[in-house]
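Chain nomenclature is as follows: A, B, C and D, assigned in order of appearance, with residue numbering initiated at 1 for each chain independently.
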Amino acid sequence: MPLIVAGKTVQFLIVVALLLSALVMIPRIRSGRHVPEIRRLPAMDAIDEAVGRATEMGKPIVYSPGTPERIDDAQTFASLGILSHVAKQAAKYDCDLIVTCNGAWLHPLLDEVVRQAYISEGKQDSYRPDSVRFLAENLSAYASGVLGILNREGAAVNMMIGAWWAQSLILAEGGFHTGAIQIGATAHTHQIAFFVTACDYCLIGEEIYAAGAYIGREPVLVGTLLIQDYGKLVMAAVILLGVILAAFDKQQALIDLIRK
Amino acid sequence: MTTTQLWIAGIGTLAIYSFLIKENPVYRFFEFLLVGAGSAHLIVNTYHNYLRPTVANTIIRDGNYSMIIPICLGLLMYTRFIPGQGHISRLPMAFWLGIGSGYLLAYNPGPFIGQLTASFWKPNSVNNIISAVLLLSTLLYFIFTVGPQSRGWKAYSIVSKVGRTGIMVALGAAFGSTVMARLSNLLGRVQFLLIDWLKIAQ
Amino acid sequence: MGFFDWMQKIDRRWLYLLVFMSVAIPVVKPMGLPISIGKETEGFFAAIDALNPGDVMILTPEYGAAQVPEVGSMTTSAFRQAMNKGVRVLIFGVWPDGQGPTIAQGACEAISDELGKTYGVDWVNLGYKPGLDVTLKKMVDDVWEAAVGVDIKGNALESLPMMQDVRKAADCKLVANINIHGFGLEKTMAFIGIPTGMTVIGGNGAAGITEVIPYFRSGQLQGLLMGMRGAAEYEILVQKPGRAVVGMDAQSAAHVTIIIFVILANIGYLLEKRTKAAKAAGR
Amino acid sequence: MRKEIPLAVTFVVGIVAVLAVYTGQSQAVRGMDQWFVTSTAFAVFLGAISQVSHHLRVVRNKRPNWQYSIVLLLALLTWTGVGIWDKAGGPRYTWLFSTFVVPLGATVGSLLAFYIGSAAYRAFRARNLDAAILLISGMIVMLGKAPIGEVISPFFSTATSWILDVPNTSVMRAINLGVFVGTMVQAVKILLGIERSHLGSSAK
């Protein structure tokens, strides 16, 4: 009797390959032996420009990390990495930063990230505890809360980065009307379109993870990115091979192999 | 629906739409009521469809006393509310995550393999060639550990531009579909208001 | 202040009113535009049609109250098609808000009475069962254990004749998953469809539809109902035109309204950009 | 030990689950599945407890809008009480559910249609080539999916089918494949204890 069920051999090998690559690559990056280059994303470059403009205008940056449902949402971690960078820039140039928040559990995380950013820039005195604001658990109440802040405080920059659902639309429209520079990012495909059409800069889909890894340079995130990239390259190679074989009607052998 | 139900639902619907004119207490009343009732639904259903039969049938009637262990495991989650003891809740969490990720690794590749083998388009028609090119270039667009110093950066830049264009077309389709979905929801409510409740249409 | 300046500053409540009217007028005065039927909908219909009387199919309504207008009629139409054909139906749901099976129950009871069918003999609703993916896997191993022996009304499964024939998911011939995000369909394929080899068909809210279309193209899904339009096409196929069909006129009017909004706004935007450019050049 | 034991549990349970399925012994772990489902089911009150404690705090401290927190608490209490007291799927609970939860939930969901309308008019701009392509493709699909599109011109339904079948299928498939790798890697990291955010410390 074969050890692995018929039809699941290749799938099992995929799992083994992922396990091994995680065991090998992440420690290598952690030790600094292999640090991959990560491509820059225009939306991330725009952060510095946006902070500059906010400083010039003397108006605040409003940062909203999405409305994640669970604590382990990977987009939220990416967003925290980006927030850390934004907060450092804001601290450096003494620019006002307002972070909005819809989950009681999210509040301490955001607060910690912002505080650490100010400390690392040596500006702990200009850190204000009320810059992270818990608005409401309820989503529509949260959305109208953010709209209120955008209008009242006359935001210069409106950043919406994280796990967004239907509220993306409401905030993007609100920010558009205050004339703020808008930067949007989410991995939810049904919301990206609203950001593309209403924001000045936008991260599409998985770019949010890359941005998080790019800015934080945190070994686990970078390692994850690297493994995923190899995975995509292998898939692309297999598909290319399949298409070439299909040109000669020989793809069946490859399909049978993959289905082993 | 009875007449009473229709009137309650009708007034509730209008109360929620009043939010569009201005946020107001009536809207807030119904919204909070809905959140409370929604949370209750999950509890009621879990109780009748799972909790009660597990205790009454599986344990008491059939004498399967080993099921007391997972019940205790689930109850450990509530240590989160006891100051200083919250770390105990990591145990059930660890158990769930273990099973959850184990089955993910075991079952997720199934649909994935089907997607992969369905992508070996025979390059004998314009559509098939476009399909293959867009699939490959989108996959490559979402590769991030490259940069100007990498080999093949120029070629990569061109491929990823093709990918981005394709992505925008697809996102457009998602945009149109999402608009449709939202309008469908409104349509359902308008049909309720005009047909079921006020009966000015049929 | 020019026309387009005025346009940009218009009170949003006027826009809300226009959206509302564009939906409401065709509901009162329908135009009866023709609706053509797509291959995805035909696939869905054909998959249930290919079953034999007496076969059992699984129907999983995984949505909440907010999505009933869009996908609710997919569930009832599929149920009607199965009942007409003499196919027995097993309903359950694992999605965390737990509303789908409860919402489906009332509608299915009405259809069952109308067609003279009997609960427990021709169909059973197990209700919401917690446990997500793992419960789907359990359905493959043992339906009775996954359901802890009771249906949505608290009846013991022993008392329901149909359940004597359904011990494992593999005793059913097809699974139809109606949901709002593509996620539910992927899970249905991974945990029930592929392990048992049974046919999988799905209905999806339009917001998640573009994500699941690749599974229809690859043949992993035999049929797919795409949003309210899909629901309308399917209502026509089961010869019971309902709210989705009459709603298509309103859908048309509302789409046109939104498109006009986008076009007008973008003309304004282009003109504004040109004026600004001209001013900058003139300085 | 506060971290080691949970990490070991995750690893052992996860590896058992993986091996059981790949070696065709998935029936053998039925007991484990039953434990999983039962333990998650008995944790169902978690959300409600934190909701209740949050709103009790709001009421006690008379924070803004505390009156509505009372409404929420009363609704939660009433619906749960009637639902548990009524037999499963009983008439009283069904009445409450279909009179309030279904229509009000649907109405809240439909508010978004209005927001789409105003955003379409006020914010969706073809500010660059990307956004222009996106808007055009979006409008074609909207017309193609509404019966009026076919009345205006058969082009819209043909073009919509093409967009959905060709570019959309390829792009979404590529995105799905990427997400597949992402979730698999995430699962691997959890099994190996590399990802520990759920244990209350960040991945760092």
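The rule we apply is simple: a contact is a pair of C-beta atoms (placed from the backbone, for glycine too) under 8 Å apart; a residue touches a chain by one contact, two chains touch by 3 or more.
Computed from a predicted structure; not experimentally measured.
The greatest centre-to-centre distance from subunit B, using averaged C-alpha positions, is reached by A. Here the chain pair with the top count of touching C-beta pairs is B-D.
With each centre defined as the average position of its C-alpha atoms, the distance from subunit B to subunit C rounds to 14 Å.
Between subunit A and subunit B, the centres computed from C-alpha atoms are 19 Å apart. Taking each chain's centre as the mean of its C-alpha atoms, subunit C lies 16 Å from subunit D.
Multi-chain contact residues of subunit D (touching two or more other chains) are listed as 18, 21-22, 33-34, 36-37, 40-41, 44, 87-89, 97-98, 101-106, 108-116, 118, 120, 122, 124-127, 130-131, 134-135, 138-139, 142, 145-146, 164-165, 168-169, 172-173, 175-178, 184, 186, 188, 191, 198.
Looking at subunit B, one finds that residues 19-20, 31-32, 35, 38, 41-42, 45-46, 48-50, 54, 99-100, 103-110, 115-117, 119, 132, 135-136, 139, 142, 164, 167-168, 170-175, 177-180, 182-183, 185-186, 188-189 touch two or more other chains.
Among all residues of subunit C, those that touch two or more other chains are 16, 19-20, 23, 66-69, 99, 102, 127, 129-130, 134, 137, 150, 152, 154, 195, 206-207, 210-211, 214, 217, 226-227, 229, 251, 254-255, 258.
Of all residues in subunit D, only 26-27, 30, 33-34, 36-37, 40-41, 44, 87-89, 94, 97-98, 101-106, 108-110, 113-114, 116-118, 120-122, 124-127, 135, 139, 142-143, 145-151, 157, 161, 164-165, 168-169, 172-173, 175-176 touch subunit C in the complex they form.
On the subunit C side of its complex with subunit B, the touching residues are 13, 16, 19-20, 23-24, 27-29, 66-70, 96-99, 102, 126-130, 133-134, 137, 147-150, 152, 154, 156, 186, 189-191, 194-195, 205-207, 209-211, 214-215, 217-220, 226-229, 243, 246-247, 250-251, 254-255, 258. Put simply, subunit C touches subunit D in their complex at residues 8, 10, 12, 15-16, 18-20, 23, 33-36, 38, 64-69, 99, 102-103, 105-106, 127, 129-131, 134-135, 137-138, 140-142, 145-146, 150, 152-154, 195, 206, 210-211, 213-214, 217, 226-227, 229, 248-249, 251-259, 261-262, 264-266, 269. Subunit A contributes residues 8, 10-11, 14-15, 18, 36-40, 138, 140, 144, 189-194, 196-197, 204-207, 210, 213-214, 225-226, 229, 232-233, 235-236, 238-240, 242-243, 245-247, 249, 251, 254-255, 258-259 to its touches with subunit B in the complex. Within the complex formed with subunit A, the subunit C residues making contact are 207-208, 210-211.
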